[in-house]
């Protein structure tokens, strides 16, 4: 059975497991104070070309989102997101559980359109009767988005400028950041991300790690971060588990190389699907591809291919998501194109 | 440098890493729906001799405590703990952050005395003016306690009965459960734990796992557990990481065997310390030993031994905690006894 | 200057102040245990023809909403509301601050359409991948709505049935309930409200009281209500303040009589506006009227009439809200119609 | 039946009701923007001799406490209180429900001893392992305390200095402030309170108002206060209800005059009790007196006198609280002394 359901099907990139094994019996200080965690932080700072940041490693995307939003916003503030944003749809109300409203803007291919954001904020802050409304205190964007799309550098700059104008924090969810940065169709670098956002995270779980996200505070100051993270139950006693993984991922470009592989596989897949006459739901240049199939074809495909049911397209057609990763084999892509 | 600072100094028991490696490229369903997680759950149910339980794997102790307490209590209820209890002292207010008060009883060697609990509850529920007070809805105990002490079976039964009488949930924190169960000086089995508590967890992080705790709901019913855990940001995409580890720990008694080793090392350590004329702060039969040293000796010892500064004993003496684990080597214990 | 900005411009109906004065020096038990509170509860139970309810008096609408929603929902549940619903727009994120998401449906003239609700719930509960989504645990409706519109008895029954089918709590916000019940264009009685909802509240602040809302749990069971209300800081030491007011309002039909007066004034106003050729934004039969004016006319009107700016209608026209109440004088309505 | 159970037995001082009645039909802007609220704020600023403060009126003490603590503390901070403090004992966990731990110090006659506070803070901030503990971010004191005792000016200054040293907010709960200020045995003025605290509130509910507390931010800056208060459900549409009351209380020294009367009655009571040979539980110079009675005497007294059962003193004796207020009649004090 072929399986293109997600990018978290396998364990970790083998180099990561090898390093965990090699250092296994070293006695290390707990709670993120170990040598490997410190080394990983240094390497990330070098990679993003910004040594003046605060970095901490966490376990998962929802956890990272709720800690950032729950720690940075004032009690009366909410977070703006695209209506398709992960925090609005698939995080079980985790953001609201920290006390904050998710304020939604209609998405444009999964993204927030800068002009829509500007209108929203301008309307809010020019409204003299806004004191009973939820104050927008943060903008949440995903890169790539939940639909596999990417912000352009210009869009990112615009959103950055708008947020600056209104003194609002810009936070970028990079659960699949590697796959976005290695896309053939992007002008955004990791240095740009670090430059134009106040907070972002580099996703590990979906990009080769067993578990782990690297949360980076670039401009945004936050005090007592370890205490805050502990309070959310998110501080690992064995911080080495995250430190060694990110140390490995940011050694010899591993994070980027394995992301590049996933993009190559996705490109192959996309090209093949189009050649077979299939239509795509969205023009994605990252590792998530969304293919439209009539129901019969979809049902048949399920005998050979595990995909992720995305949504119904119309009466006769459905959308299935096919995902590549660092672990995807070329032969599996060819076989998928053969049997779909 | 000898290091007896804690039981989370190394990575994982090698068998765990081998299994993670062996199964690394298997494509598995995410979020705890994989084969190994299900198998681990089965093995734990068999071990505790209770198939009618709900089990889920989480990442750490504080996380487990806040999810249990935050999910089970009604908004106006609090949780009773010994004043020395971990949730009261060293979890950064994680319980209060879920909205609940920790109601403290003076500890007896780290434990809650059944009679004190009974008096507290009797006073509370007989008080006709209790409606502005925090209702006790749960009792939290640790086994072993933060001081390395253990409840007897009789104490556990008594606390169970008191909780039943008042219809209060009994929750047991087993961060170091293995070390408690394998102590030479206990009549409590894991089946007793499962029988006399409503909820408990089997600690993995401190007993051989890289990360992970097995949370067991025995009698207590809880709905939509996965959604609740997701909301707390505690659900791992790669549930395999926890599943494979607990599957390994509960295969061929590994969890108990490695715990037994730690106890043997602790016994050796304890005996040696006493023979050297050192006094112990508390009579512990588990893997944490608390030794009283005059300040000069303590300072000198720090050149050779990493220990955990516990507290000041009096003007001249301090208490240091020495901890053994599944990974402690006999030769290190002898060397410690030599140089201390 | 005429003032039709809201229905909370004056103090209280004079009969209420007289009763507060008459009973002022009586020594009464605090916290809602006084004679007048108990008497008011009895009278309300009789009025709604349901003695098997739990009633408590609170201070304001937002407070009542957040206590109900924060007390009744499970942590992972959200509340469904029309996107125009007060809890979604003008309560400063009070619901989210209790940890719960407001799930919005597009409003139909301020109301939730039963069929839309049914589709939403059917989609949710038939979705096998719903475990990361916010579970709908309650439906929030306002009667009258924020746009002055009213549910028909049939709509109320349908929504009741849908909620029952999915085992979801139906909660009705009656901030202006009296004005809804006394409308010429409704077939809904207060007995219907009590029959078809699980929880509702009878608004006092906007219907003649100085302060106060009567919260009624009809079918929904809730334990330790006083403790919960105390925890929200909403329990008045001098419960008499609320008890005496509701006792007065539910004596000799005062609540309904003064509501009737507001409706008569609103009808006069509506008829007059139409006769003057003005268009109405919505066909309201309650005490809130929404009139469309070109900008010049609106600006001129502001010299004589205080109204509430509702929204922009199009490039040239705006919508102003004019509100009558128990205190509105007929001569003021005539003068308004003269000068507008 | 005599009733000395509390200071919230009657309605409001008659002058307050007269003013509510006189201004009843004036149409006033809502939500605290009315003329009387503004005037009351001006008068309070003048009384405390500090025009550079932010003042808002709220409904009750628990509400005020939870809004202050929930708004000012950072998520990882807790509030220090005497173990006998109201927020620790009788507010149904309202503080914890906002996410913050109450950190307790053993009380000295209901007060926090400055030296104990200093030791606590010094220990905390000198502890290099404090990052998993709850950070003290505020000190909560009551004046008078729950035991009727008063801080001296020197104690207040010391606590102020300690808080300043550690950059911690000092918040004073003045539920019965008037009775404290008018005590014969105090050197603390309201100007001192405003000078030495960062936040305090002037209690109205227990000092002549129907309802209401005046919350004063002296040095502590807080943004968007109205939005925060709205979010807690604590903003009254008819802000006049609070504004007119405090305008009345701070006109011609009413607040202080009626407090003085309560003190005179308490002095009479205290003197009489002592003359009758009764022992007092605590040497209170405010309106709460705590008398020790043997159980028979207490039981007999209950036939004639409503008092508040405080606690058991020993096997044979209990403590009853007797409270005077602005409304206490001299003849009732004499009668009480006669029959007790």
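Here the chain labels run A, B, C and D in written order, and each chain numbers its own residues starting at 1.
Assume a residue touches a chain if its C-beta (ideal position, glycine included) is under 8 Å from a C-beta of that chain, and two chains touch if they have at least 3 such contacts.
This structure is a prediction, so every number in the text was calculated from the model and none was measured.
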Greatest separation from subunit A - chain, by CA centre: D
B-D compared against B-C, more contacting pairs: B-D
Distance from subunit B to subunit A - Cα centre to Cα centre, in angstrom: 34
Distance from the mean Cα position of subunit D to that of subunit B, given in whole angstrom: 42
Euclidean distance of C-alpha centroids - subunit B vs subunit C, Å: 50
Two or more partner chains touched - positions in subunit D: 75-76, 91-93, 97, 131-132, 227-228, 230-231
In the complex with subunit C, residue positions of subunit B that touch it: 70-71, 74-76, 99, 131-132, 135, 223-224, 226-228, 230-231
In the complex, subunit B residues that touch subunit A: 3, 6, 8-12, 14, 17, 20-21, 23-28, 30, 59-67, 91-94, 97, 205-206, 210-211, 227-228, 230-238, 240-241, 327
Subunit C residues touching subunit A - in the complex, by the definition given at the top: 75-76, 78, 89-93, 96-102, 129, 131-134, 309
